[in-house]
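Paired with subunit B in one complex and with subunit C in the other, subunit A is shared by the two complexes that follow.
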Partner chain A sequence: MINVNGLYHAYEKGGPFAVKNAAFKVEKGEIFGFLGPSGAGKSTTQGILTGLLPLQKGEVTVAGCDMKKPKREIFNKIGVSFEQSNVYGKLTARENLNFYSKLFDVNTVDAGTLLKLVGLDHVADKKAGEFSKGMKHRLTFVRSMLNKPELWFLDEPTTGLDPAIASQIKDIIKEENNKGTTVFLTTHNMFVADELCDRVAFIIDGEIKLIDSPRNLKLKYGEKMVSVEHNEDGKLVKEQLSLIIKEDQDRLKTIISRGNIEIMHTKEATLEEIFIKVTGRGLK
Partner chain B sequence: MKKILTIIGRDIKSGTRDWLIIYLSIAPILFALVIKGLMPGVESTTLNVVMQHDTPADISEYMESYFDVEYVSDLEAMNDRILRLDDVYGVVYDSNNEGFETIMQGNESADAHIALGLILDQYGLSEDTVLPVTVEFSDVGWEMSPLKLYGANIIILFTTVLGGMMILLNLVEEKMNNTLSAVNVSPITRTEFIIGKGSLGVLLALLGSIAVILILDFGSINYLMLLTSLLAISFISAIVGFGIGVVNDEPIAAIASMKVTFVPVLASIFGSMYLPEKWHFILFWSPFYWAYNSIRDILLKTAQWNQILLNSFIILVLTAILFFTLRKRIAHGLK
Partner chain C sequence: MSKLWTTFLKDAKLSFNGLYFYIEIGLAFIFVAVMLFVVPENFESGQKINAFVNLDEPIKSQIEEQITSEDDSLLYDSRTALEDSLEKDRSAVGIEIKSNGSGEIIYDFVLQGYENDRIKSLLKSTVEGEFLSSIPGFESSVSYDVLEPDSQRLTDRANILPIYLTINVGLMGLFIIAAYIFLDKDEGVIKAYAVAPVKIWQYLAAKMLIMLLMGLITSIIPVLMLAGTDVNFLLLIVMVSSFNLFGSALGLFVSSFFDSMVKAMGGLYAAVMLMVLPSLSYFAPSFNPAWIKVFPSYPMMFAFRELLLKNGDTGYIWMQTVLFLILALLVFFAANLRFKKTLTV
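Then we have the complex of A and B:
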C-alpha cells in the first residue's frame, strides 16, 4: 500500500532534515505505526505521504500512485485525520461532513451514522465552533472515514481525548482494519502503538531506528524480568530481578530455596522501555 | 462543476452566519439608497431654464414641455438667477425678430447647451417635422445629475473591491480553521477550488453593481458592455483578495490590508475627474482608471464597443501582470 525509499525532507532549503533517509513498506491490511516523541518527524512523514508536503527527495508510492506527481483521484481512496483538528467553526458538525462528502467522486457514508459512531449525534446540528477540543478532534477523525478509505492516515488519533473516548476510537480503528482498511498511524503513546499496531517503526530526529512487530520487539529486546514478593524476617519484600544477569539469577535461586514467596510473575518490557533502550531517549 | 458549486454553497452558508460578509453583500445597495436619498426627484430633473414673466404664452407652453421653467421679472433678476451655482440657462424671447437669445454663465455642460439650442431652433417649425433630437437624447445630456453619475461609478468600483473582500474573508476562514489541508487531501482540484472560492466575490461585484444601476435608475444602458467591464475589473479585486487572504488568518487584519486597494481606486476616480486630460497618463497604470472611464461612458450611453473592449483588454493585461506577481504567493498560501 505504501512504499517509501530514501525519503528526506527539510522545511527550509539547506536547513535541518525533519525526515532523514526513511525507508519502509506498509502492507495491505496492516496497521503500521510510527512511534516517536514529539518533533521526531512523524507528522512530516504523513504530510509527504498524503501529498500535503512536496516530495523533495526519495521515492514514495501510495496506493499505487507516485507521490512525485499525485493524481487527485487517489484521494477518493485515502482518508486523512489530522493531529490538530480542522473543521469549519461556522458550520454544524453535520454540515461539515456533508460539505466534505460532496468533494468525493465515490459513495460516502451518511453523516449521521458517523456522528453517532463517535458520540456526536446529540450535537450534530450545533456549530463546530462551539465544540470542545475533544469534540472537534472526533469530528476531524470521522470526517476521514466519509469515503470509506482503503488507506487511512491517522495522526495522533487519540491524543488529548479522555480515556473512555480514546478507547472508543481505538475500537473503531480496529474494526475498520478488520474490514480490510490499511492504517498508517502516528503516535507518541506506547500503549496505542502496542495495542493497535501490527508493526511499529521507532522514529527519532527524523530517522527510523527499527521496524518490527510489538511482540517481536518485546521478545528480542525485552529483558526477561521477574517480580517477586516474599517474606524475609517477617517483612514483605518486593524485588525486580533479571533472568539474564548472573547476580539476579543467584538471588532468585536463594529466594526460591527459602520458600517464602507470596507472589511471583514474569514481567515483559514495555514498548517505551524498549524505545529507550534502542534510541537512548524516551517518548516524552 | 459539482465540486465548484459545493464550494460556493459552503461559502454562502457560512457567509449568512457572518455579519461582516452580510454587511459586504448589502453595502452596495445601502450606498445606492443613500445616494438616491441625497437627490430627491432625480427623475424629474431636467434642464432648468429661466425666462421672463412677459414671455408669450405659446412659447412658455412650448418651453415647459421640455424644460423646468422659472420666471423672473426682468433681465437683472435673470442674471442673478443664472449666476447661482446650478446649471440654469436664461432664455429671452425677442418678439421683434421672432428669435431667442440664450444667456449662460459658462460653467454649464456643453451637451446641454447644444440640446437647448436645437430645441429652441425647433420652435415654429411644423408639428410633423421630426426633431433631430429626441427627448431620450435629453436623458443623457442633462437629466443626469453629477451626483448620480459619479456616485454610481464610485459605488460600482467599490463594489468590485467588496467582492474581493468577500473572497478574502472566505479564504481567511479557511486559514483560521486550518481547513485547507483537509480540502487538499480530497479529490477536488486546485483549479476547481480557486474558481469556487472566487465565484462568490465576482458574483457580488456583478449583482451589487446591477443593483446600484437599477436603484439609481439608469434606464436602458448597455448591460452587455457593463458586464464585460465589470468582469474585467472584478478579477483584479479577486486576485488581491486571494493574495491577501491566503496569508492571513484574522479577518479584521486582512480587511485592513485590503483597504490599501482603496488608494488606487480613489486616485483613479478623482484623477480622472479633476486632472486635465493631458495629465491622465499618470493614471494609466491603474486598472481602476480604465474601468472608471468605461463605466462612465456606459452610464452616459456614449460608450462604443471598441473603446469598452480596449479598456477591458488593458485591465486584463494589468490584471495578468498583478497575477504573475502574486502567483507564487497564492499557490504557496493554498498549501
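Then we have the complex of A and C:
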C-alpha cells in the first residue's frame, strides 16, 4: 500500500534533513505505527505521504500513486486525520462533514452515521467553534472516514481525549482495519501503538532505527521475568523471578504448588522501554 | 465545476456567518451617507466679502446693488462697522471702495492676516472684475472659444465615486483575499481541503468569487444611490467583475510568496499604496506623468469615470474591461502555480 525508499526531506535548501534516507513498506490491511518523539520526523514523513509536502528526494508510492506527481484522485482512496483539529468553526458539525463529502468522487458515509459513531450526534447542528477540544478532535477524526478510505492516515488519534473516548476511537480503528482498511498510525503514545499496530517503526532525528512487530520486539528486548505476590506464613511477599535461571524456575514451581498466589504476571518490556533501549532517547 | 460551486457555497456561508461581510456592506452605506449629507454636490470656491462703499451717488448704489447680488457678500455703512464684522467672522475678508478725490476708484482690502500672496492677487482680480463690470460704460472685451462643445463634467460628489470604486473593487481584494487564505492556513482547514480530491485552483477561484460577490454588492449600492439609475448597470457589473477578479488574483499572487498575514502585510501595503498614486492624476489632471499610467488603478479610475458620464467613452471602458480580464487570468494562473507549491507548506 505504501512504498518508501531513500526518502529525504529538508525544510530549507541546504538545511538539515528532517527525514534522512527513510525506507519502509506498509502492506495492505496492516496497521503500521510510526513512532517517535516530537520533532523526530513523523509528521514530515506523513506530510510527504499525503501530498501536503513536496517529495524532494527518494521514491514514494501511496496506494499505487507516485507521490512525485500525485494525482488528486488518489484522495478518493485515502483518509487523513490530523493531530490538530482543523474544522470550520462557523459551520455546524453536520455542515462540516456534508461539505467535505461533496468533494469526493466516490460514495461517502452519511454525516449523521459518522457523528453517532463518535458520540457527536446530539450536537450535529451546533457550530463546531463551540465544541470542546476533544469534540473537535472527534469531528476531525470522523471526517477522515467520510470516503471509506482504503488507506487511513491517523496522526495522534487519541491525544487529548479522555480514556473512555480514546478507547472508543481505538475500537473504531480496529473495526475499520478488520474490514480491510490499511492504517498508517503516527504517534508518540506507545500504549496505543502496542495495542493497535501489527508493525511499528521507530524514528528519531529523521532516521528509522528499527521496524518490527511489537510482539517480536518484546521477545527480543524484553526480560523473561515473572512478578509474583503470594502469602507466606500470613505475610504478603513480592518476588521477581527469572524464567531462565534454574533456581528461580524451581522457586516459582514451589510457589505455584503451594497455591497461595495473589497476583502473578510476566514482566515483558513495554514498547517505550524498548524504544529507549534502541534509540537511547525517551519519547517526550 | 460542481466542486468549485460547493466550495464557493461553503465560503459564502462562512462569510455570511462572519462579521466582515456585514462590515463591508455597512461601510458602503456609510460612504453613501457621508457623500449625501456631508459632501456637497459641488465644492464652493467663493470667498465671503464684507464691503463698505464709500462713494457718492449714483455710482454708490450701482456698486452696492452689484455687491448684494452676491450670496456671500454683506454691506456695512462705515469702516469701523466693516472691521468689527471681520473680527466676528475670521473667514471673511473686507473691502472699502472709495474715491481718491480725482474720480479714480480705490479698492482698499481689509484682510485677516493669514492670506498669502496668491489669495491676495486672486481677490484683487476677482473683485476688480466683478465691480468693473458694474461700472457704467464698461464693456466686456472677453470672448470665449469652446474646444469641446459636448464636454461634460461630473459633479464633485459623483467625481469621488470612481476613486471609491477603484479602491473598493480593485484594491480591497488584495488585502481581504490574502486575509482569507491566511485565516484558512492558521485554522489548518487548508490542509483538510488539500487532502480531498479537489484542485488548488478550485479553492482559489472560490475565494475570488466571494470577493466578486462582495465587490458587486458594495459597488452597486453607492452607484445606485449617488449616481442614480441613468448609469449603465450591466456595464458596471462587467467592469466591476473584471477589475475585481484582477485585484483578487493579484492579492493571491502576492500572498503566495508569504506564509503569514504579518509577513505579507508589507508587500500588500506597498502594492495598495502604489495603486492609490494615480488618484493624484485623477484629481489634478495637470499632474499626469507617463509612469503613473502604468499602475492598473489609473485606467480603472478613468474607466469608472467614463461610465458615470452621460456620454462616456464605451470603447475605452470595454477595452479596459477585456484587458483586465485577460490580466486577471494570467495572474491567477501564476498564483495557482505558486500555491501548488506553497499552500500547505
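Simple rule for what comes next: the second predicted complex is superposed on the first by the 245 of 284 C-alpha atoms of A that agree within 3 Å, B and C clash if a C-alpha of one lies under 4 Å from a C-alpha of the other, contacts with A are read in each partner's own complex, and residues count from 1 in each chain.
Heads up, the rule we're going with is that a residue touches a chain if its C-beta (ideal position, glycine included) is under 8 Å from a C-beta of that chain, and two chains touch if they have at least 3 such contacts.
Note that the coordinates shown come from a computational prediction; the quantities given were computed from them, not determined experimentally.
> Based on the shared subunit A superposition, would you classify subunit B and subunit C as clashing or fitting together?
clash
> Touching A:I263, do we find subunit B (first), subunit C (second), both, or neither?
Touch partners of A:I263: none, neither subunit B nor subunit C.
> Out of 42-50, 60-68, 114-122 or 276-284, where does subunit C run into subunit B after the fit?
Among 42-50, 60-68, 114-122 or 276-284, the clash with subunit B belongs to 276-284.
> State which residues of subunit A lie in both footprints, the one left by subunit B and the one left by subunit C.
50-52, 72-73, 75-76, 78, 80, 82, 84, 86-91, 95, 99-100, 102-105, 140, 143
> Touching subunit A in the complex: which residues of subunit C?
Subunit C residues touching subunit A: 2-3, 6-7, 10, 13-14, 17-18, 187-189, 191-199, 341, 344-345.
> Report the residues of subunit A in contact with subunit B in the complex, numbered from low to high.
Of all residues in subunit A, those touching subunit B are 50-52, 72-73, 75-76, 78, 80, 82, 84, 86-91, 95, 99-100, 102-105, 127, 140, 143.
> Quick check on the complex: what are the subunit A residues that touch subunit C?
47, 50-54, 72-76, 78, 80, 82, 84-91, 95, 99-100, 102-105, 140, 143
> With touch defined as at the start, can you tell me which subunit B residues reach subunit A in the complex?
2-3, 6, 9-10, 13-14, 17-18, 173, 176-179, 181-189, 335
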